[in-house]
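Supplied in structure tokens, the structure appears directly below.
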Amino acid sequence: MTVVASAEQEVSSMSQLITHFSDVRAATVELARPLSAEDCCLQSMPDASPTKWHLAHTTWFFEEFVLGRFIEGYLRFNENYRLLFNSYYNAVGPQHCRAQRGLLSRPTLEEVHAYREGVNRLVIDLLREPRRVVRNTLRQIIMIGLQHEQQHQELLLTDIKHALSCNPLLPAYQLEDDQARQTREDATGLASEMQWIEIEAGVYDIGAPEARRFAFDNERPRHKTYLHPFALSSQLVTNSQFLEFIEDGGYDRPEFWLALGYKTVQSAGWTHPLYWYRTADNSSDWQEYTLRGPRPLVPEQPICHLSYFEADAYARWAGARLPTEAEWEIAAYRKTRDRACTEPLALHPGVSSQDPEASQYQLLGQVWQWTSSPYTAYPGYVAPPGALGEYNGKFMCNQYVLRGGSCVTPRDQVTTSYRNFFPPDARWQFTGLRLACDR
Amino acid sequence: MTVVASAEQEVSSMSQLITHFSDVRAATVELARPLSAEDCCLQSMPDASPTKWHLAHTTWFFEEFVLGRFIEGYLRFNENYRLLFNSYYNAVGPQHCRAQRGLLSRPTLEEVHAYREGVNRLVIDLLREPRRVVRNTLRQIIMIGLQHEQQHQELLLTDIKHALSCNPLLPAYQLEDDQARQTREDATGLASEMQWIEIEAGVYDIGAPEARRFAFDNERPRHKTYLHPFALSSQLVTNSQFLEFIEDGGYDRPEFWLALGYKTVQSAGWTHPLYWYRTADNSSDWQEYTLRGPRPLVPEQPICHLSYFEADAYARWAGARLPTEAEWEIAAYRKTRDRACTEPLALHPGVSSQDPEASQYQLLGQVWQWTSSPYTAYPGYVAPPGALGEYNGKFMCNQYVLRGGSCVTPRDQVTTSYRNFFPPDARWQFTGLRLACDR
Amino acid sequence: MTVVASAEQEVSSMSQLITHFSDVRAATVELARPLSAEDCCLQSMPDASPTKWHLAHTTWFFEEFVLGRFIEGYLRFNENYRLLFNSYYNAVGPQHCRAQRGLLSRPTLEEVHAYREGVNRLVIDLLREPRRVVRNTLRQIIMIGLQHEQQHQELLLTDIKHALSCNPLLPAYQLEDDQARQTREDATGLASEMQWIEIEAGVYDIGAPEARRFAFDNERPRHKTYLHPFALSSQLVTNSQFLEFIEDGGYDRPEFWLALGYKTVQSAGWTHPLYWYRTADNSSDWQEYTLRGPRPLVPEQPICHLSYFEADAYARWAGARLPTEAEWEIAAYRKTRDRACTEPLALHPGVSSQDPEASQYQLLGQVWQWTSSPYTAYPGYVAPPGALGEYNGKFMCNQYVLRGGSCVTPRDQVTTSYRNFFPPDARWQFTGLRLACDR
Amino acid sequence: MTVVASAEQEVSSMSQLITHFSDVRAATVELARPLSAEDCCLQSMPDASPTKWHLAHTTWFFEEFVLGRFIEGYLRFNENYRLLFNSYYNAVGPQHCRAQRGLLSRPTLEEVHAYREGVNRLVIDLLREPRRVVRNTLRQIIMIGLQHEQQHQELLLTDIKHALSCNPLLPAYQLEDDQARQTREDATGLASEMQWIEIEAGVYDIGAPEARRFAFDNERPRHKTYLHPFALSSQLVTNSQFLEFIEDGGYDRPEFWLALGYKTVQSAGWTHPLYWYRTADNSSDWQEYTLRGPRPLVPEQPICHLSYFEADAYARWAGARLPTEAEWEIAAYRKTRDRACTEPLALHPGVSSQDPEASQYQLLGQVWQWTSSPYTAYPGYVAPPGALGEYNGKFMCNQYVLRGGSCVTPRDQVTTSYRNFFPPDARWQFTGLRLACDR
């Protein structure tokens, strides 16, 4: 993963960077606060990691790529952590078996917090008196490390949601206070009319602009692409719309599904999105497990926790299709003009409002929106040299791109060019969809 | 799969169609001739089908989509065949379990041949006196059926190669006669110099031209795409070049591989392409199993039986990359101008020649060439209605596009716009690669 | 497997042995006669072998253990057969993968028949002029080889039954002629009254008597065992009795099942014995696939194709239990006095008759009867040295003993001391049960 | 599981029972004390349960079978616990998925301790004033519940050993204090000479005597069995003896192994007992992970953490065999005369001493000794009615009996008639062996 920052744009002084570093690092700790040490050790599937592991791995990242590289003769906190908390960087060394992260009761949660604080102190010391020659590189790697940490903040929440949902007690990650509940319940339902955002044919530029202060390597190079005329829906698909698909026998009708999707539906026994359940088999009262605990399904909320297979089948059933990632980016940019995401960070996506601002489209920061684009390299992409080159490039296979960020994506990460990616059967992220059609 | 044939272009009269039908149908029988009834029943993996099943399924296709639709009150040869020989058409009805095709000792090979002849007779009768109103539709479906049959001719050979290779006796599908061997051995090695075929940036049209008499639905619509400047190698990668990768530790170095590819290498224990073996572990004498039986590896021949993972890793090791399918198509078209494939149909790819014709590039009809493009729908693609809509569209997931046709692809199917597709770990087709690079 | 034959009892001259050899060898060929070459190549699961493989393996046994040992400088028919047709004798050498026996279209069926004839000729030549010193050993190994061949005659039938049953056409191994059908249909139903065969407590001898001309090593040594008083049913459990269990919800009630059995029922989805089916889900008309093809279930026939789990659950449901193998042997001996089996060899078990002979109990030669005894070594058992020591001993783990022989067991193999054994989930043999209870 | 206690033998008054109850319940809590809440939540394989689950399940046992049955209108602590902490009692109701016990971060460890204390209080209240009519039944169920709890005390230790061993840090369950280490290191090595304990042929009684205050249902009825003459080794097989087997290529020589055992060795890649490792592949310095942490292998200690397969292969290699369970019981009884186990409870088995007492034989309380006896019902055994009938009977399949108790078996459970049982590939218990031979 490379960062491209033009030198003249150094808007943040080193002290600003230190503040930013402290804020992001503290935010991760804050996310873990509602959880007990026992909760923090849970791993419910190989793809999801324990909270404690997220806390440690994001720290390992700074120890490995900052302290280990910029402090001569650096002595690690614990030599074993190099193995335990390396996720997948072969260039750094071997890794602890991914599926067994949940078996690491040691180091304890307390020890991991001490590890975090120790590394934080050393990084801040380093940032206070950086050698001139490494200043830029150091800043860039810190920036990557913080973006990386923010990605893990999102994963921390989606992973613990999955883990807690495996407990028949359906415990909440965090209960809602009364005021929040009131606000939520006062919110009016889907107020705006569905419209099509129309885009004409032509050659467009997509990818992160050079001027952007930070972008992941997979958003670059910015490049030209030809688009045929199309339209993108102004609205996310909602729970009630998806229920129509279910009630129309959608999960039992192979004509709507990719062959691999239908095979997955049958072998996994899917009959509804992840986290939905009914109190009785013949009930029509759908419940949904959320990070706030179980609650009745809210019809107007955006559908989420869909696999690509389900999103694609829904679109075909609806007589439409998923947008490509380029289409999504161009249409979203047209409506948001790269303005920051104004939707609030939340533990669950909310209903759309009548806000005349761009947020009425819920393009950013509500649910990740599946696109029909397999995750591939942009033209001219070259993975960076060294271990950080393993950040993105090696995963460009059998995954699909998602766009828009979700309710749990840190707000400053949410941009129109940010590319998330998951295999087509993944459902534990906040993943939904928006329809598109040819013109 | 749809065929788009403009009515005014009816170059072939009905009698020409009957001749073509008879020829293609006879060619399939000819391919099965060297095999015993026992050979014809083998299924070595779920993805590969027995020869007898290919013979029956291609016949079922005509019975289902032609006889069953155009003859009123049509009585099937055997009601059970509708289940047994339906591959994956849910709209037609349920299917016999794919992995158990090798357990169908009945109907016997003889009965399947009788089935073929019976259906042939009825189809020809129908073509002799078609009702005017269905004439065009009938002709189109016959054309699809014959293209479909030709696709299965290729699969028949690749599937039986895999099946026979599982027998420790390594029996040949067909031994070479002396003259053929002489011709082959007289062929000079890789004579031409490697060059780069340079292509400049711009908006290009790709996909099957409207004027083409037949094209699969997935080659359409012809559409615009933007290409950045690039170059495509004038040569296929050869066995000797791939051996360098192996000897450089290629299979043990994760830095060249996609994460999923390296996982596959490790779990499957790959250390060389499919069908290669050594008589002793420490020998450097590589042998190769071919449809002609085992023989020593010929260094100058194009490498084949590679997975996408291996092709991609090789390209990265070589400091290059795979072309996208659009790049491949534009470059191939520039050199071949849509001329028919002149390389001979053969049971194994051959070395390149000094032929000043386009064939010097071995773009067409030697080995399928992996592209870096996941298999997706072209802009504006809509699967045809009904069962034939299941031909291509529902497989557009987790597969990669291959281009160029192989030595066993029927010659008239080999075009620059033909899109083949396989999952990234498939190796039993004649699959190789050609390098590309950015400019 | 060893044979213990007292020298003084040499009732059969060498010429008698040659006749016996020829008869047994011919019988195997006879069993394969109704099958096509395609049928003979089928393998429907790793545990079952193709007919052709049985034909070859039984020949390999004589080539390996007779020709290879008693003919100096013996040259094998084909060196590869040593690998291909070795079942599991590690002391002989490596083995072809068991699950891939069905992929051996070569050698062809014709070649395997030629192999049989060639080996037969050489064995007979050898038996005509044996060197005096090896005479006894030779005779013993021939005897083992023939018993081994007879065991494979039974497996040939049960394996092809399973393979043909996987074909939706449900082809018969051999159709019944009219006369046979008449005879069968004339047979009266279960005429005899069920009684208990009462056995008093005491120390009993079990195992093959020393005087027996042939016995497998696992039937020896004959030894003492203490039995508590018990009774054995005079009848086999019938289809109609087992139907009551099904209709009483037997397959859904864990209280009747071993924990492992219930787990198997659920994971495999068992709701009835193997080879039973209904033409519609809600039909009460049970059909049964037999070697004669499909037919309506005959209520009075002995239940067969049950796993140990089902037999054990039925017994518990019926308020009884399975007998131990010692109990079965003592009770069966008391009723049969080691008389030869008089029930006819047949392709399916028949109903019991009013015959006042022992056969009224159907103790021998109808269905294998599950006992509650895990398959273990008899006290004092030592596996023979060398490869033949692998015949029985190494399989004494996680299998249960069955007694009595089935309708397809060669008649002269059926004795009260013969121990068959299969894992508790195996169902493709002719396996049923008889109840026992404490006194 | 039933208990048979003759009424006249009521040696323990109710107050003694209360004391015993309190002691056993406190002992479990004591065993969990060295572990953090995070440790207590670990589940490293489906067969092993988290410490917290053991704490809760043993409490559930008393709530379900005592409070729920003897207190009218009893209200459970938490209705969900009925599902969560039911192990396998179908008669009680459905069970939480066994493999997912490690995902139960809630209830928290603290809540589980509160659950224990609450149930303890109610049970003690009940025992203080039992209604006369239920007095005997109540006492019997309490006794079963305490024996059950003691079985889980052993499992708690073996399960946490396995879980901690999966952590590359190899943390100790409990470090040894200096004095203990000194004592251990002062212990002299294997002092006694190996002798054979000779037993003559005859009819013997085995199973728990009627007079015994408590016995599990599977130890009953006491019954007669015939034994052939045999001898049992006076010593356990040691680490150094087992090392000879390894160094003789034992793990690579199929001739010593059961077929299923050798298959397991190859698929699991076993080359040594569980918990052994070397710091380098070519090192001869074997280390062993213990509950005290890693330490160098002590040659004189009894081998443990062997599967049945390994024990059986070792015995065959050594020219001996495993004893049957009846042989073991008779020989052990002859040497111990049912005296209580005098070997100390410990976290690892120790070396034998010169103690002239029976303990010199290490028959009891060091390592579980594999017998060659599959786990079956004793003659006349009938599982008790109701849910408690599921305690033992339904597991009598594909398991082998172990005898003697291990270093972590509560001392008052260790008797010569106690039957433990595990599948033949299980290795995480303290399982070793002792040789036997025919006479």
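Note that the chains are named A, B, C and D in the order they appear, and that numbering of residues resets to 1 at the start of each chain.
Rule of thumb we're sticking to: a contact is a pair of C-beta atoms (placed from the backbone, for glycine too) under 8 Å apart; a residue touches a chain by one contact, two chains touch by 3 or more.
Because the structure is predicted, anything quoted here is derived from the model rather than measured.
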Request  = In contact with subunit B and with subunit C at once: which chains are those? Just list them.
outcome  = none
Message = Going by average Cα coordinates, which chain is farthest removed from subunit D?
response = B
Request  = Measure off the straight-line distance from the CA centroid of subunit C to the CA centroid of subunit D, and report it in whole Å.
outcome  = 39
Note = Taking each chain's centre as the mean of its CA atoms, subunit A sits from subunit D at a distance in Å of 47
Ask   = Using mean CA coordinates as chain centres, what's the subunit B-subunit D distance in Å?
value = 60
Message = Counting only residues that touch at least two other chains, what does the list for subunit D look like?
response = none
Query = What chain pairs are in touch here?
reply = A-B, A-D, B-C, C-D
Partner subunit D, residues of subunit A touching it in the complex = 36-42, 44, 80, 83-84, 96, 100, 102-109, 163-164, 166-169, 171
Key: Touch list for subunit A against partner subunit B, complex   = 88, 90-91, 203, 223-226, 228, 254-255, 257-261, 372-374, 376-377, 379-380, 394-398, 424, 438
